[in-house]
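Look for chain A in each of the two complexes below; its partner is chain B in the first and chain C in the second.
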Partner chain A sequence: MCLAIPARIEELIVPCNAIVDLGGVRKEISLALVEDVVVGDYVIVHVGYALQKLDQEEALRTLELFAEMGALAELRAELGESAT
Partner chain B sequence: MPDAGKLNLRILWDGKTVYGVEVKSTRPPAYRLLPGRSPDEAVQLIPLLYGVCGKAQRAAALAAVSSAQGRDVPQLEELEQGVLCEAMQEHLWRLLLDWPKLLGFPLPEAQFVRWHAALNALATGHGDAENLLAELHRALLGMTAEEWRRVDTQAKLFECLKAGDGLLAPILKALEYREIHLDFAGEQAQGDFLPRWTASDVSRNLAAQLGGAFAALPQLDGKPLETGALARTRHMPLLRDALRRAPTGLLARLIARLVDLLDSVSARGRIGHDGRGLSVVQTARGMLLHHVRIESGRVAEYWIVAPTEWNFHPQGALTGLIGLREGNAARLMETAQLFVLSLDPCVEFEIEVIHA
Partner chain C sequence: MKYVDEFRDGELAKNIVSNIAREVDPKSVYRLMEFCGGHTHAISRYGLVDLLPANVRMIHGPGCPVCVLPVGRIDQAIRLAREQGVILCTYADTLRVPASNNLSLMRARAQGSDVRMVYSTQDVLKIAREHPDREVVFLAIGFETTTPPTAVAVKQAAFEDLKNFSILCDHVLTPAAMHAILKVSGGVALDGFVGPAHVSTIIGSKPYEPFAEDYGKPVVIAGFEPLDVMQAILMLIRQINAGRAVVENEFIRAVTREGNLKAQELVAEVFELRDTFEWRGLGSVPDSALKLRSKFAPFDAELKFNVEYVAVPDNKACECATILRGQKRPQECKIFGTVCTPENPVGSCMVSSEGACAAHYGYGRFREVA
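Coming up: the complex of A and B.
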């Protein structure tokens, strides 16, 4: 199911693209579906498009959840449990 | 680095024929983060985790929690309108961006962006749904809604498309051409479909199996089932005809998506619950299930069965590739991409051809 990791806008590219940082990976995406995005904003990216702008607090909270989930998966792997 | 996971399809091929498929998922079950939290917090976190189809996920969470608490779902009408608009946006995404890209046609991106914005407005009660639907009929098919309603066979569909200048005409034609030229060893069997169940039907039919293991690999009586637009529309004469002509269902799934998009005038009935913590939401990709158990004001158990779990079950619809006669690895890869896109995965997908 469609998990969405918030991506931070690093650089705007004319006319309506941007470079985002997605968990340490830089990627060019389209901003055609969102309005008023500036460098430093967080967005949800879906197949090369920013789908939705997130407020900073929501984005950071979501990133914390993903970090927590990563830690859980590692713990389960150590205990020899299935990741699913 | 955070990881949203992906699906992986391995196609086992002897150089002439596909003799097996393996589907694996590395997607983390994010719903395992929810136990121990308050029900309100679970409802807030779910759309953050599952942001791509956030409206459907939030609606399913609210309905499941309300159901477990014995309350009515708050603002049901607004939720259903949001879920409908999100599903229409997803259908337009596949029809106007993904399919043209895969089949080598130009992408009508400007129109897509405009309609996506119009559906965002409709989701919040602004704009005119009837006007938008009339425009979509004209632009996508070159037909009026009246003409589209009279289309009840595949031959009639192509006849009407030929007379107009709809954006999707070349896409549908190209996919029909690709599908009829697929060569299978033996008869192609049609897969089984998930019925359009209410939440109470799900409880009744799946009660013995529901749980975490089921959420990862859902099936009914040992059989994986397909959910989505084709499962919902397969009894209509047009879809019955398309499936009879090509049981692989590639074109049928695309036509079904179009029917789902254009005939979705009413948002009612997309969200339901069984009164005991199980909710069902009809999304673009199919049936989304949420289940919550609340004890002493905290989430004691939570799991989600997304449509992708049904549609990409290792023994599910992708086994339709088995028996495909294809001597060229690159063409086999292209055909596999058609199968995958027709089933509409909600996550990143990797395909490997394993030549044994």
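Coming up: the complex of A and C.
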């Protein structure tokens, strides 16, 4: 039940609900716990509530972090060089 | 799915794995506890343990909310449903947790009690509005992620003057459990923590600072996806190699130092600390759980129905307690996978896919024989 997923806000519903797209399924969630959410934002959804906004720039930065150093790429390059 | 698939990318995974392999010190042992049940699940499901060097050991912590609830708490809810005829609502995982007398909420339902599974606290309010002639009780469990939704529902019930709605409050606190783990007698040898994902979206990274500063244990908060967990493990290895102990945040896309202040304010308005709360595995832990503030007493099912909590010992064969303390692994339980299976759980750790035993049963159990 801990599982929570990022979902895109598709539509705002007054007073404080929203329709999100959860992997193709449209679902109504509550925005009672977050502020300043607009259509197009991504939020972390858990037990029917948005817990927090997802910072899309930071998400990209984290993906870059995963690729950092590129130890594997380096290794491949070394192996490639030694093979030639 | 965006923000999910990229964080499961195989090529990037190989890169992190090779970084880990290159950076571990073969002479050291890295004992890392993942606190959150979601991480336990991800580690098992994606076979992350198989990708780690042998001297990097993952220890499951007490972060699965249904696992840490003692039997007596489920008994209390069952008594309410059976003896007082209330409509008892709770999240899905709670239904199958074994209770006393061979019961569970699911079995109580099969015997005629009105037990309902809900997805959200909004569903409970809806049921209460639809049944003004019945008492509707929400068995509110979980860590800091499920507490704010309960707070919202209580405030809404107060606003609407919903007199037939109340909660059995079993909300518990992550940092208190981490303290308890570090103080376990006999000790759990630990070199660092993978900090929880969604709990941290609410409480922020700040509450973990004492673990780094006072106990000298590095903490890296990690997102839920497998690459998040691998990267956090790499970040922990780096800290340990450098002899550092600080709080770092891998889940920067959703966690800030301060956390979700709006949610924190709501929780503080509705709840206050319980002096003590009994956890499965950790025993009674001071200041580790919440109860409703007196202002919201009419919504407190414990007061409204006079159902006291009675402590009950766990099944003798079950090792959940030692597993939750990080001292044993699921496969060390004598009845793991034989008498105790996800279809017929004996202990709470076999119920939810986030429980250490169920996660190991589902994904890891063939590894040893292979």
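One rule holds in what follows: the second predicted complex is superposed on the first by the 54 of 84 C-alpha atoms of A that agree within 3 Å, B and C clash if a C-alpha of one lies under 4 Å from a C-alpha of the other, contacts with A are read in each partner's own complex, and residues count from 1 in each chain.
Criterion: a contact is a pair of C-beta atoms (placed from the backbone, for glycine too) under 8 Å apart; a residue touches a chain by one contact, two chains touch by 3 or more.
Since we're looking at a predicted model, the values are computed, not measured.
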Which superposed partner A:Gly23 touches (first chain B, second chain C, both, neither): both
Which of chain B and chain C A:Glu58 touches, first, second, both or neither: both
Which of chain B and chain C A:Arg8 touches, first, second, both or neither: second
Which superposed partner A:Tyr42 touches (first chain B, second chain C, both, neither): second
Contacts of A:Ala32 with chain B and chain C, given as first, second, both or neither: both
Partner chain(s) touched by A:Phe66 [first = chain B, second = chain C, both, neither]: both
Winner by number of chain A residues touched, once chain B and chain C are compared: C
Common interface residues of chain A - those touching chain B in one complex and chain C in the other: 1-6, 23, 32-33, 44, 46-47, 51-52, 54, 58, 61-63, 65-67, 69-70, 72-73
Footprint of chain C on chain A - complex, ascending: 1-6, 8, 23, 29-30, 32-35, 42, 44, 46-49, 51-56, 58-59, 61-63, 65-67, 69-73, 75
Partner chain A, residues of chain C touching it in the complex: 1-4, 6-7, 9, 12, 14-16, 18-19, 22, 36-38, 41, 63-66, 91-93, 119-123, 142-143, 145-146, 148-149, 152, 197-198, 201-202, 223-224, 227-228, 231, 250-255, 260, 262-263, 266, 352, 354
Complex interface listing, chain B residues touching chain A: 1-5, 25-30, 32-33, 45, 48-54, 57, 93, 97-98, 109, 113, 116-117, 216, 288, 304, 306, 308-309, 346-347
Residues on chain A engaged by chain B in the complex (per definition of touch): 1-6, 23-25, 32-33, 44, 46-47, 51-52, 54, 58, 61-63, 65-70, 72-73, 83-84
